[in-house]
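What follows are several structures.
The two complexes that follow have chain A in common; it is paired with chain B in the first and with chain C in the second.
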Partner chain A sequence: MANLGPADYSPYPVATYDGLYTPDEGKAMLLTEMVDEEVAMREVARVMLTSENATIFPGPQVLYAWSEEAKKKATLIKEMSEVLGAKMIPMYDYRPKYPKIDAEVEINPNHPNLTIWHNNIKACIFIGVHCHYANVALKIIRSETDCYTIGMCALSGHEDAMATIRDQHSEDLAKFIEIAKEVKQELGK
Partner chain B sequence: MSVDIYKINPEFRDIMPKDIIDLEDNATWHATATKNRGISDLPDKKEILEEHSLCAGCPEAAALRYILTALPIPEDTIIVNSTGCTSLMFPHIALHTVHSLFGNQNAVASGIKRTLDWRFPDKTKDVIVLAGDGATIDIGLDYTLQSWFRQEKITTICFDNEVYANTGGQESGSTPKGQVFKMAPKGKVFDKVPMWELAVTSGCQYSVKLTASAPKKVAKVLREAVLVARELGPTYIHLYTPCILEIGLAANEGLWEMKEQDKERFESFRYVSPEAEEYLKECKAKGIL
Partner chain C sequence: MSLNKKLVDMNYLLKEAPREKHFITGAQAMAEAVKRASVDMAIAYPITPQSEVMHLVGDIYAQGHIKEYYRAEEELGTMSAIAGAARAGVRLFTATSGPGLLRGLEAIVSWPGHRVPCVLGVLTRVINAPLSIQPDNIEMAYLMHSGIVMLHAENQQDTFDMTLAAFAITEKVDVYIPVSVSTEGFFVTHAKGYVEMMDEELAFNEPDPYKAPVPAMDNEVPPARIQRDAPVQKSNFMSYLIHSVWQQEIWDSNQRAMKYIYEYLGGPIEVQNPGADVMIVASGCAAAQAREAHRYAQEEGLSVGFVKVRAIRPWPKAEIREALATTKTVIVPEHNIIGWLCKEVKAAIPNSGIVTEGPRVYGGMTLPVELIMTEIYDALGMKSEVLQA
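Moving on to the complex of A and B:
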């Protein structure tokens, strides 16, 4: 079990302690640095390809077939997991779980650290999780674990993710997959 | 609402737990089920109310389950809730719910209903308020009554446990005279507010008082109230769901308390306006009741 991070149980996004906010349009955040989207995509791919138990956490917005875009994203996320060699653990709803969650099969925004600890996950991608729940989960993970969190967000990004790429729609996911393939080759994987 | 939000993208079926797949395959949505939801669906349908964080044996949880089984179109129903023990159940149900600021529930519901009627003129959308006695009869009384005066087409359900349970046992307008609680040590000085009667004088088309002792009866009343609200105007259900914690009963004693009160404070009261009576007959003839 990791120690508490410096921001402990602050009500604010933990990252604001580091002066971090969401990236400008067309940009991405890598830890404390605002970079071009493509630079972030390469780094995110590298982290996922080289970290222990890298995992994608798809949320309700992509798990369920409620729109054409969601259906497209599902196919792309599946491909992404194959390219990255990443496991997938879904966040299929946000209900607090009683008496306990099964950390092998799900991640829950109210105690996401359990899934990270239990599966010893060192890097993860949040995708399709509604803003508020992504923020809560990312904040807890940031303060309680040593997992490198990546927010692939369809809106303006998440300050509490260690890397955040914003405005990610299906065309952007396709672009990311191509970049990930290149990085994988460069790494000789 | 489109029930597509419960359809799992095929790429993810292998990582979804069985109970979520079951929800897609077997859920009792009006649009997809072969028959209407009913009390017999209670034991094994995930979407009704699987788990909750109320006290073990709390009659509020049982009553909400009965209500959920009786909704005519669950996927097109919105329940507006207020703070209190009841609100602890809403994160657990597969239904649109709005947690309004304590007491504001009937005002919020009126706005939602009017907007839905404007936004979806060709669709039926039911709006139901479900709140405790503190929210309905004390702190939200103004909004409750105003929604009735204004003939808003919503159903109001009060889960009357005769106490502010969630905050640890203060007396409410609905507490019976003389009752002592942990935080009402001198005993209630005034009589219980007869809300079911106020509902009638304030313009409700339908007002029923009952306990949650008989599941099918609760389900029938709910269905009637929702159908009348849809067509004619406000309806009210005053339901006794005792707080077993505050009156010192064990987890298995709520039912007996309700059965006892069936003969006393919650002896059945039923008002149906002549128009509503007529309309319910029509519904029966059409087989929707």
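Moving on to the complex of A and C:
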């Protein structure tokens, strides 16, 4: 991500205005810096383990058993939430909720800030959300909340997240879980 | 693909595959690129000068290089059908010209927001009354604010390479908006030039609709059942907030295309003789004339450079600024009356007063190199009559 706050006259900041784009293959983005994937994984684990009401937002690509990879990922994400002590709130539908979202139990890309506010979430991971919907939600969350956003993406990553790790497949999630266990131990949790 | 082609990635296809030289028209070059792109479906409505391209695409459909092809009822129907077909995750090609582009524009400007990956050929033609079929690229000005990626081909070779590259760029997950390849009707589409092409047994890898930023509309697979676009049309169900960031996301996607323009096409601009006192900036067919004027100027020992602009969107502002940083005069020859490229160049540099308005031709006129040379002589304080004598 770039700096918090408005970009030009728009109340909704975007990283590309500041010349930041998705990370190169094999790399990750932490705020404005491109770093090695493992460096980002450690920082992401630290943030999730030390932030109030840390939450994972799983999207349709890991909520439905539409492929063997999706099933593996879903199991690993459950383990990840246990290691990180994080809640899980699903983004299972991209349609705007009318007349009102139940912010207690779901998040929606059209008004994700409502779920962040309601649950006082200070750090979150987007995973399994289609990139377009992750990108619009991340832009809104950045400008409307003080939540630290993390995009764990199976494709090319999300520059509007404060931390983004790309090409995350099941073996990468398993690696992240092991790193998170180490960081947890280092933090004495 | 019904034919037994060898499928390869775009870097191999464009940069490594052996090529042979052919002498073909721009329309043939565009169709030959489509032939090597593993296109699933082409849809179009005929209009001169695009009809030559889509006739040839019809031929390659008949030969089995494309799975589906049909003539739509008119251009709004064509462009709407492209959006519908994109929901199924297939690779798409269409093309149009001048008035056809404007007729389809309502659907075209909705493509980026609907995340429609496709390649649009724009074979330029006069749009104003009185009716004319002659080349003039003013229609590109209307496309510049639509959000789509825009490439502008100088000649038949560019038309071939850019069309092929466009299929790879449009499907990148962090882009996934349409890519247009424009070139001048008749001057390029109906004129022959040398084009180096790889064997037609080679073709671009087939698309993976699951590597997409939006769900493909496969009703057998659960994530796709999540309705994708209908809410966007229902503004009463959504706030200004989501529309605002949605627009930002489209222009972010447009910006993200730049790294792939570098990867496949070597960058958004080409610069000859940087640091010269006079720089000619041109795109499309005008770049061919500007290149020739640059050659004349070199022969005469004049301090003249040349910038060819390949990408109109994303606009290479930083690259243009750098290329024009030390020049004293900028000349922008164009094939339209409003000077859309001139306006873009002026907006990109801090000292826009150094930009000369023109020379411009329109309504189908050719662009004689002498028009550009006259501007060069004026800029250098030389009397063109004396020099020509």
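Note that in this section the second predicted complex is superposed on the first by the 179 of 189 C-alpha atoms of A that agree within 3 Å, B and C clash if a C-alpha of one lies under 4 Å from a C-alpha of the other, contacts with A are read in each partner's own complex, and residues count from 1 in each chain.
Note that a contact is a pair of C-beta atoms (placed from the backbone, for glycine too) under 8 Å apart; a residue touches a chain by one contact, two chains touch by 3 or more.
Worth saying up front: this structure is predicted, and the values here are computed from it rather than measured.
After overlaying the two complexes on the shared chain, residue contacts for A:111 are found with chain C alone; chain B is out of touch.
In the superposition on chain A, A:74 makes contact with chain B only, while chain C stays out of contact range. In the superposition on chain A, contact of A:22 is made with chain C only, not with chain B.
Judged by the touch definition given at the top, the superposed model places A:95 against both chain B and chain C.
Of the two partner chains placed by superposition, only chain C is touched by A:156; chain B is not. In the superposed model, A:64 makes contact with both chain B and chain C.
Taking chain A as the reference, the larger set of touched residues comes from C, when chain B and chain C are compared.
Residue contacts after overlaying the shared chain place A:140 against chain C, while chain B stays out of touching range. Comparing which residues of chain A touch chain B with which touch chain C, the overlap comprises 60, 63-66, 92-96, 98.
In the complex of the two chains, the chain C residues touching chain A come out as 115, 172-174, 176, 211-215, 221-223, 226-228, 230-231, 234, 237-239, 241-242, 244-246, 248-249, 251-252, 255-256, 259. Here chain B touches chain A in the complex through residues 2, 4-12, 15-17, 20, 51, 53, 91-92, going by the rule given at the top.
Interface residues of chain A, counted against chain C in their complex, comprise 10-12, 14-16, 21-22, 60-61, 63-66, 92-96, 98, 109-111, 130-133, 135-136, 139-140, 155-157, 159. Within the complex formed with chain B, the chain A residues making contact are 58, 60, 62-67, 70-71, 74-75, 77-78, 88-90, 92-98, 102, 105-106.
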